[in-house]
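To start, I am sharing the structure in question, which I have written as structure tokens.
Note that the chains take the letters A, B, C and D in the order they are written out, and that residue 1 is the start of every chain.
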Amino acid sequence: MKLGFYPGCSLEGASREYNESVMAIAEEMGIELVSIPDWNCCGATAAHNMDKELSLSLPARNLALAEEAGLTELVVPCAACYSRFCATQHELKHDENLHKKINGIIEKEYKGNLRILNVIQFIEEFIIDKLEDKMKFEINKKVACYYGCLLVRPNKVLNFDRTEDPQTMDAVMKKLGADSIDWAFKTECCGAGFSVSFTETVGRLSGQIIEDAVHRGAEAMIVACPMCHSNLDMRRPEIDKYNKKKSDMPIIYITQAIGLALGIDRKKLGLQRHFVPVKLNDFKPYTKKTEVENPQKMEVE
Amino acid sequence: MSEFEPKIVAFVCNWCTYAGADLTGTSRIKYSSNVRIVRFPCTGRIDYMLLTKAFAGGADGIIVSGCHPNDCHYTSGNFYARRRWMVFRRLCDFMGIDTRRIIFSWVSAAEGAKWAQIVNSANEEFKKLGPYENYHKLSTQEIFE
Amino acid sequence: MARIGVFICHCGENISATVDCAKVAEAAAKFPGVVHSIDYKYMCSDPGQTLVGNAIKEHNLTGVVVSACSPRMHEPTFRRACAEAGLNPYQCEMANLREHCSWVHERNEKTDDKAIDLVRMLVEKVKRNNALQPIKVPVTKTALVIGGGVAGIQAALDIANAGHKVIMVEREPSIGGHMSQLSETFPTLDCSQCILTPRMVEVAQNPNIKLYTYAEIESVEGFVGNFIVKIRKKAKSIDESKCNGCGLCTTKCPNKKNPNEFELGMAKRPAIYVPFPQAVPNIPVIDKTQCTYYKTGKCKICEKVCQANAIQFDQQDEIIEVPVGAIAICTGFDIKKTDFFPEYGYGKHKDIIDGLQFERLASASGPTAGEIRRPSDGQVPKKIVFVACAGSRDPAKGIEYCSKICCMYTAKHAILYKHKVHDGTAYIFYMDIRAAGKNYDEFTRRAIEEDDAKYIRGRVSKIYERDGKLIVVGADTLMGAQTVEIEADMVVLATAGVANQGAEKLAQILHVSYDQHKFFSEAHPKLKPVETNTAGIYLAGACQSPKDIPESVAAASGVAGKISCLFSNSELTREPLIAVVDRLAPPQYSSCTGCFMCQSVCPYNAIEREEIKDRNGNLVKQLAFINPGLCQGCGTCVAVCKSKSIDIEGYTNSQMYSEVDALLNF
Amino acid sequence: MEEIKKIAKQLLSENKVQMVIGFEKGTANKVRPAFFTKPDDVEKLIYNEACIHNLALYLKKDICHHVSNVAIVANPNVVRSIIQLASENQVKEEKVTIIGISFEGKSIGILDFKAAEEFAKTQPKGLKPEDRAFIEKVQAMPMEERFNYWVETFSTCVKCYACRASCPMCYCGKCNVETNNPQWIPVASHKYGNLEWHIMRAMHLAGRCINCGECTRACPVDIPLNMLSYMLTDFVMDEFHAEAGLSATYAPALSSYTNIDKENFIK
């Protein structure tokens, strides 16, 4: 199977392990992810604060390129890229004049028929059903699923999961045999906007998130966004300073968690690249249940 | 020759604009005497054929006025009227009937001053436009010229 | 031949100072059809009216134009004068020479011309007036009250005490409504049950009131004074005539673990139950969805213990048809449940409750016998947070309006809490304190000053649970919008008041309008607050918008007054200024072609489909028929009728046409 | 054509309908509407590019009065007319069988109302480029000239009422022009009477006209009077998003309203 793929800058740089783990599980499942040829920046950080047309044109060009390449689904693992792509699709769908104008700027015909999938939607649609056959281990750990802001907001644009207390990642982790805890900071701000400029603020905001998860006994935190990851992982010294105690809870991508369950080599999943060492091991070997459980579907708002 | 005085016919609803014009009277606010008010139960009752009839009869201008939206005594007559006027205006415009000479307004029972102001500004406007002869002439023409 | 009399009034100097009345009278005398034209100082005075009356007799007038003040002022006066002199009152019209002429123009020739024009216009109109008879509609002097809450109870008692029959229909097994669930009432803190229960008993005992509980409205036909209502009496599985209310069945029922609706799920009840001890009527019902017998075919313990033999498992729903003359809608409201709030955990935290649940906790007859104990573990909460405007005034949640009662009941809750938990602290997050009402502001001041409620002006963004506490995160906007975090033991949301479930369906059955929030719409927001657009159907209480008890009761008494007025005559007299569809001889029957565009524009549902059938009963034609009982005379149908088959009395096509004609072509 | 014949024949022979309205050969090279009541007569039925007349008209005529079930050969214009008539309570689904035909003349079988609505929605509608050009041309004239243009155009009208007689939407038993108390519209075919007749007709068709163009085709003096109702149809669609002839439960634009109708012209 072939799906479109937009890596974006993070997945080629600071969050290489995210890219590696996405690719690793896709390969395991026999899915080919095809990068958009000649892709460009999604405009997430600066453009949408500065220039509306630019902020729409950048994603629109990528989307148009994907359409030209004959793709119908586009997997966008980075939550920021995903947010920009969906926002662009939404805006252009609801404003014909703007749509025409942007098409003029990018000198391409963007039609707007592409389905944009975030990494969880990708997993739900193409991976989760095949897990049972390929799983080698159960992730028998207490985990806290952290969604952050961009994956679920704004609901009317993304139409994905519920804004407060989302559940989709928890459902995936439960499938992997994990005990995903009910906690209070699932969608709280991690401080990504100040990642470089005000690390103290990051320490405070991310600190509260780490503290609550640790307090409730989480052994690992599961994320699906490179920005969340880098804050919660790389800024751990600032976080520990704010919390006035050391924490060694690792932050892993949901794709890495799946990779671990599938028994993929840890290096292939890039687990060695994290600042907070991923010590998780002693997973319970998985045996396929004969009785098919009726997976309860979460009501999504 | 004295100044041109336009003939103005006003079609108004009983509950808002007619009562508003009553208030203009009780407040003793003066306005042009060129206007003649015809009273209807509701703007929803006002037939567009009466408007063409007024032009045919030689009116130089028409005022149509009723309750503000959501204030209609009968809850929705003015909403139907509003649509009818939109379509009628479009048709008049297309047929070259002077839509500047039909003034639509909402005047509530409390807007005595607004009524005076509507009439006076309409009067000025119609004075500027001069007598409306096109339509009137048609109706008075000999049948077989 | 028309013989019209014209009477020009000077109105003292009000008209004559600006308009040359003698000149107008002289001009009017020359109009075709005018046989008598005079001017007089005060037409509305006794001698003035006598002048009109005498002229009618002397000149055998067929129509009268009184040219004086606004018809909105004196039309009834002169129509009465004409009627006394033997002329049909609808043959009298007024030309408005005062408000529309003398008061607004200067004295000059142009003003005189206008006055003459106005008189000519009305003379032409009155020539075409039809002699009309007031419409008389018989009235069935029985009122239907839908809903047995405090509004319905008040309305029913007031109407019954005025000597009229009342039929009350209540959906639940007992009357009492939301008020019966309340603990104490603001601003006096008197016990809700204590003031309501006697009224409920009065309803049951009043010989003029017939009560149907556990019943719903199936259909409503007809019009003011003459409705036919079908009531579905749901099967209680109890023979009400035999049951003596001993309650043995409820105590012996083995199936006791069903959520108690009256206690909002905070207690259990048996499958055969009376909703609450003071219920009226005190007759149990069997909940068929829970009853072991209905589910498995075995049990019947209640039947065995009932000494009155009142249990009837095979009882069926019953449809009762009753004629009524007026209908009072008193169906009340509902509140949003805690699961409506994502930011407060979608209702997953047991200790976040709504205001009505708190009422039950505070009530001496409630599940905790009046002690404030939190639902999760029965502990007494030492820190309690009240969140006002939960959902209300929040366009993002689709509820833009203020729910009105929450400010007051939240203050009451804080006071009750403090009275019961002396060492506890109550925090209240609020947007504004809206305490407009008699002794209301004093009451909220009392909560703050005497009972030490901590009011924080700001909203709560999030509530989460941690180590058995609820962490309430909010902002204090009076302290520079800084974040406030309170570790509370319990949280009470003053959730928005919303329309009762089923309101929309009922509105459709009754053909009354409702707003976007499914609250019933009044006919006029200021001047007809208890009427609906459908004549004979009235509104009281919170089915119209959130209302507190005094307001609901006042509205209910208002409705009772309206209905008593309606019932004060055996016939209803209405102005005959209504629309009619023309009738022609067969085979046309009417120029109406039955396109029914009039039907869709009629705001009163007054237009019906009349079927013309031949001798063999075959349908020949469908025509519009305007129900004279319902038509209010707006005339919108007249203007949309393409074939001009509808005309409206008082403003007929020929009258309006000739008015315009008279102004311009003479 | 054979397919249409087959359907028509079958309907008649199975007595599902008592009459089929279609076309037969007329004099010279013309076609004319025909009313088949016997299966054998159907042999005479033809359908070709000359068959453009809006047959829906006959559903409201006397000929259909005593027939309980009628089948009608219906091109998209006829289909839309029938749906519009149904929305105005003028035809009943159980009494009309629609034999659908595309604009290209291809039979698409019997349509129930639901299928007819679906079919109508897929057909080309709205203004044709030449109509739009005409409307724009008139609109571009100065007001005085526009008025005179219409007065002169209508001056040739002889009030034969062929436009009315050919229009399926003009089904009133007594037309407003025949109302004489008051005499809303002068009956004489002078300029004034003609102008008011056409104003009234355009207003009556606003939001109801399905743009079949029958009125102009029927006009013996070639008045482009369909342009008035076309223009209003276009306006109604723009302003109220209402389009006639697409739904049997359609509320005509002028007997419905929304709270947000434009009122920038109201003071």
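We adopt the following convention: a residue touches a chain if its C-beta (ideal position, glycine included) is under 8 Å from a C-beta of that chain, and two chains touch if they have at least 3 such contacts.
Everything numeric here is computed off the predicted structure, so don't read it as measured data.
The greater number of contacting C-beta pairs, out of the two interfaces B-D and C-D, is seen for B-D. Closest to the middle of the protein, by Cα centroid, lies chain C. Comparing mean CA positions across the assembly, the chain most remote from chain A is B. Averaging Cα coordinates per chain places chain A and chain B 65 Å apart.
If each chain is reduced to the centroid of its CA atoms, chain B and chain D end up 34 Å from each other.
If each chain is reduced to the centroid of its CA atoms, chain C and chain D end up 45 Å from each other. Averaging Cα coordinates per chain places chain A and chain D 58 Å apart.
Listed for chain D are residues 184, 254-256, each touching two or more other chains.
Multi-chain contact residues of chain B, defined as those touching 2 or more other chains: 53, 76, 80, 84. In chain C, the residues that reach two or more other chains under the touch definition are 601, 640, 653, 657, 661. Listed by label, the pairs of touching chains are A-C, B-C, B-D, C-D.
The touching residues of chain C, counted against chain B in their complex, run 70-73, 96, 98-101, 103-106, 108, 110-111, 113-114, 117-118, 121, 513, 523-524, 533, 577, 601, 603-604, 632-636, 638-640, 648, 650-651, 653, 656-657, 659-661, 663-665.
Residues 48-49, 52-53, 56, 69-70, 76, 79-80, 82-91, 94-98, 103-106, 118, 134, 138-139, 141, 143-144 of chain B are the ones that touch chain D when the two sit in their complex.
On chain D, the positions that touch chain C within their shared complex are 88-90, 171-176, 179, 181-182, 184, 204, 251-252, 254-256. Contact residues on chain D toward chain B in their complex (touch as defined above): 135, 138-139, 141, 143-151, 184-185, 188, 190-192, 195-196, 199-200, 202-203, 206-207, 228, 231-232, 235-236, 239-240, 253-259, 261-263, 265-267. If you check the complex, the residues on chain C that touch chain A are 342-343, 345-346, 462, 464-466, 471.
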